[in-house]
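Each structure below appears as structure tokens.
Okay, so chain A shows up in both of these, paired with chain B first and chain C after.
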Partner chain A sequence: MSVRRAAVIGGNRIPFARSNGPYARASNQDMLTATIDGLVARFGLQDERLGEVVVGAVLKHSRDFNLTREAVLGSKLSPDTPAYDVQQACGTGLETVIVVANKIALGQLESGVAGGVDTTSDAPIAIHEDLRAVLLEARRATSIGGRLKALSGVRPRQLVPAVPSNSEPRTGMSMGEHQAVTTLEWGISRAAQDELAVASHHNLAAAYERGFFDDLVTPFLGLTRDQNLRPDSSLDKLAELTTVFGRGESATMTAGNSTPLSDGAATVLLASDEWAAEHRLPVLAHVVDAETSAVDYVHGDRKADGLLMAPVYALPRLLARNKLSLGDFDCYEIHEAFASTVLATLAAWADGAFCRQHLGLTGALGSIERTKLNVNGSSLAAGHPFAATGGRIVAGLAKQLCQNGGGRGLISICAAGGQGVAAILEA
Partner chain B sequence: MKLLTSPPSLAPLYARAALTGRLHRGDTLPDSVYALTDQVIRLDHLAAYQRVCGFRVTDEVPATYLHVLAFPVSVALMLERGFPFPLVGLVHVANAITVIRPVRCGESVSFRVRAADLRTHPAGRQLDVVAEASAAGELVWSSRSTYLRREKPTAPRAGNNTQSAEPLGSISLVPVPENIGRKYAAVSGDRNPIHLHALTARPFGFGRAIAHGMWLEARTLACLEGRLPDAYTVEVTFKAPVLLPSAVRMATERAADGWRLDVRAACSDKPHLAGRVRAGTSA
Partner chain C sequence: MNDRYLGLVNTQIGSALASRVGLPRPAVLRRYQAGAPLLAGPVLLGSISGTAPPALAGLLAGAGADTRTTDAGDVAWAGLVLDATEVSAPDQLAGARTFLAGPLRRLMPCGRVLVLARPADGTDVTVDASRQALDGIVRSLAKELQRGATANLLLIEQGASLESGVRFFLSGKSAYIDGQSLRLGAGPAPPPTDWNRPLAGKTALVTGAARGIGAAIAGVLARDGARVVLADLPQAGEALVKVANRIGATTLHLDVAAPDAPERLLTYLAAHTDGLDVLIHNAGITRDKLLVNMAAEQWDSVLAVNLISQLRINAALLGGEQLRAQARVVCLSSTTGLAGNRGQTNYGATKAGVIGLVRSAAREFTAHADSTINAVAPGFIDTEMTARMPMATREVARRLSSLQQAGLPVDVAEAVGWLSSSGAGGVNGQVLRVCGQNLVGA
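What follows is the complex of A and B.
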């Protein structure tokens, strides 16, 4: 069996909105269907039977067990297009690209859509855990008496619902609190974080200005640009913000250098070169390879095994397999969960002692030219609807590489549960 | 040897404890051994216990679960006429459990419980209640619970040098809800009023109800899901009680032979529990 590289044909996303903003009443399915329809319109896929649509959402109601299939059924794609959900926290979007690209590489698919969607506004609120236990007990009871006895366990305080939070189940600490530990361990300064945040806003604003997103973004519910974008963001303005994660004097993380809770969806159209040619669709880039990793953030080392540090470990393995070094790329996309996540990741790769001890290398993995990093802005400016970020990055990077007339791009995304997903694109 | 085939009911024992406190005095421990035979580990009770303590529901019995089965026998022993202290006022200050091999749901376990090692302590006197569990004729588990009878006032210890300023290792933030005492009482049978409600705790000198020490130990062990060896010893000392509701920081740090445990109040760093887990069964 021969293996071929899957092509990135393009992408479509809706502008990302801040939590409880313009998309407050839109469900995951609403946003995803609109996003798929935008992709259909852009690439003339009306009534087309694609190989598969693979999408995920991090926050998902149990009734949305077939979220992606339902969205496909409501979209303008052929209803004969199969679909399924994938979930790997914030790595979801990139993981779906890897899944579809691998099936195309193996010849199992000729075309497919990958992507992600998330809403923090239309969140799947659950009932109180104690009330759930009472109701399940009542359901298991076989007699009316047994049912009443079980239901007598209902207490008024159980009516308080359980709202999903972004805290890690095993540590009870939020992602920001975990990252605050990493930030401190790696000595990432407030100024460096704010600088990265400003660059993200300026790069994203500039990309909008030059029309970069004209064929990547479709307006939705009145929003034409990412709501979180502040083109006039500056170091002075960011310096005024109070810290929100970390304790006392050493705290450096603010709402300005952390991503906000957001709503949105992003999709990527992938295909074989043959399918693209048949459909007269130009190829932006190809998916070369990918690698996932995980760290023991629960019991591991505070500095080396931070919750969002897993991509640090994926990259050397990915580079070695492809006989590449860190400097061999024209564009780097490192997901800005927090500004300090990017900076700690770069610091780890540049730290010879760390790379020897933890990555099994003979010295530092290297450093990258900051002018090649997140050139069209990233999550700090655009927002980060968890599963949608991977699709945003893949489509944007593929287009940038194509515009450059070729080149190689690297993607690194950290995810809850101490996980990381990395991938290489080439144009 | 006093042979029991079913665990004594705790409610009448507590009633007796409340009434007979003054009768318990003396300088020696009774040498009786209580045996509770053929207790089959039942799935519904085990699962309820595992849920309340934060363990995953599984066939494998947590180390602290067998303590719950042996506890009524311990109480019966401590209410024996010859027992030197009234039960009310005995403080559970430490616990050490050795798991020789994991016990599984459906197994039949027999317990032997005795009191041992009455000794003086700066604050009064201490003794151990030793429980042993065997299955299919082999010793599989043992537990040593240390109780303190306060008999003289002690000055607060200045400079507790065993405690580091910052908790070490990895930290889990664990909320301890107001109803945890009632929930643990329901699965353990230990309905000591100090654990149930602020109103029932008040007559005993607590402004709020306090969490069961053995719940706290169990919940801390649950942080090590997937990281505990088959055979190990967990030793803990109970520090300041956890007033309900509150939140605690459970720190677990790898040591050469296992783990160090350090549980503190989330807001004040006040120590609640310190201990360690050592692989293997050598004491």
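What follows is the complex of A and C.
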């Protein structure tokens, strides 16, 4: 069996909105269906049977057990298009790209859509865990007496609903609190974080201004650009913000250098070169390879095994397998969960002692030219609807590489649970 | 926007009432439906000298029309076609009266009167005067016709192909074209393989396609078999997707007024198509103000979108590789461009400018492998834009035409669709009004 490289044809996403903003009443299915329909319209895929649509959401209602398939059925794609959900926290979007690309590489698919969607506004609020136990117990009872006895266990405090939060189940710490530890351990300064955040806003704004997103984004519910974008963001403005994660004098993380809770969806169209040619669709780039990783953030080293440090470990393995070094890329897309995540990741790769001790290398992995980093902005400016970020990055990077007339791009995304996903695109 | 009055006046009570008090009685127009016959009844064919021309009879019969050459005196006619190409002296014009007067009394609702003539060509004063006289006959007759019937004049140059034009003007596709004359030249006008899908195999691009007339044009082009690319501003993307997925088209976010728009368009066409057969310059904006109150920005933006973009994109296409042979370009003008409109000096400039553009560019497009460029000038058309007018103003404006009603976006779209077809190759550098013979602007 021969293996081929899957082609990235393009993408479509809706502008990302801040939580409880313009998409407050839109469900994951609403956003995903609109995003798929925009992709269908852009590439003329009406009534087309695609190989598979693979999408995920991090925050999901239990009724959305077949979210992607339902969205496909509500879209203009052929109802004969199979679909399923994938979930790997913030790595979801990139993971779906890898899944679809691998199936195309193996010849199991000719075409497919990958992507992600998330809403923090229309979140799945659940009933109190104790109340759930009581209700299930009552259901299991066989007599009326037994049922009443079970229901007598209901207590007023159980009526408080369980609202999903982005805290880690095993530590009880929020993602921001985890990252505050990492930030401190790696000595990432407030100024460096704010500088990265300003660059993200300015790069995203400039990309909008030059029409870069004209064939990547379709407005939704009246929103035409990412709501979080502040084109006039500056170091002075960011310096005024109070810190929100970390404690006391050493706290450096603010709402300005952390991603806000957001709503949105993103999709990527992948295919074999043959399918693309048959459909008269130009290829932007190819998916070369991918690698996932995880760290023991629960028991591990405070500095080396931070919650969002896993991509640091994925990359050396990915580079070695492809006989590449860190400098061999024209564009780097490092997901800005927090400005300090990106900076800690870069610091780790540049740290010879760390790389020898933890990555099994003979010296530092290397450093990158900052002018090649997140050139069209990233999550700090655009927002970060968890599962949608991977699709946003893949489509944007593929287009940028194509516009450059070729080149190689690297993607690194950190995810809850101490996980990381990395991938290489080439045009 | 529903025309409530039109609905009311077409009920039994409403019709009687309107007739009694002398209110306008607009008819529900006969519009094209796929598979419907060309005409709802028989067509009477005659000529200025009395004998019906056999070629024309064959053409009509070939189009499926029940064609007759004598008026039995009790037949209700769906169409009257008069060949007046022989007219060379004023006394022959009486032949028009002889042919039309009797059967006109039995013209069916939404009937068609179509007169074929030669254009005045400056070689003989008597001939030219007589030919021009037909224009006056048709325009006046169009104002006399009732119940949605129309009269139009086709000016036929030597060697022109008649078939496509005659079919269009008899069909429901020309429902809102009335009292107009259009010149058919000798340019190549190959008939389509399938008259129901005249644009099969063609690639078309419509600017400003997210709503209104642009969306209707896109729908007609897709219905006629074209692969349609819908262009509009990125901000209109949400509406554009809905149009594209309804008609089966692809979307292109493009600001036609952007400096790099022509280049981006060519790049897109090169990557996604095998070249462009049909381009519809529909994108347009209004920034109405009296000239004394108009800001520079209001002036400049209207000029940039409505006129300058067309000039630049046309130049790029003619200079590039993406415009195919026998291409068709249709530019949206407006009756404002012909008659002017208070508060629209900027808009009027662009819409008149477009007329100058097509007249001047016609030769250049002919040189591009027999391509054509024409303008369509809509009159009062019911769109989201007119829905925002004050009710009284809108009601009055709707009645100010021979058909006593506003047109629909599809009426404009049908005219554009016909001019985009191969069979309309004889029409070049022309302006076709779709205005129900609006009283404004001749």
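Criterion: the second predicted complex is superposed on the first by the 427 of 427 C-alpha atoms of A that agree within 3 Å, B and C clash if a C-alpha of one lies under 4 Å from a C-alpha of the other, contacts with A are read in each partner's own complex, and residues count from 1 in each chain.
Going forward, a contact is a pair of C-beta atoms (placed from the backbone, for glycine too) under 8 Å apart; a residue touches a chain by one contact, two chains touch by 3 or more.
This one's a predicted model, so the numbers in the text were calculated from it and none came from an experiment.
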item	value
Which superposed partner A:Gly405 touches (first chain B, second chain C, both, neither)	neither
Chain B versus chain C as contact partner of A:Arg280, first or second or both or neither	second
Which superposed partner A:Gly172 touches (first chain B, second chain C, both, neither)	first
Greater chain A contact set [chain C / chain B]	C
Contacts of A:Gly300 with chain B and chain C, given as first, second, both or neither	first
Contacts of A:Gly145 with chain B and chain C, given as first, second, both or neither	neither
First, second, both or neither for A:Thr218, with chain B first and chain C second	second
Shared contact residues on chain A - chain B and chain C	none
Complex interface listing, chain A residues touching chain C	34, 37-38, 40-44, 46-47, 76, 211, 213-215, 217-222, 224, 280-282
Chain A residues touching chain B - in the complex, by the definition given at the top	130, 167, 170-173, 297-300, 302
List of chain B residues in touch with chain A within their complex	169-175, 179, 223-224, 227, 252, 254
Chain A contact footprint on chain C (complex, rising order)	227, 234-238, 240-241, 244-245, 248-255, 258, 260, 264, 271-274
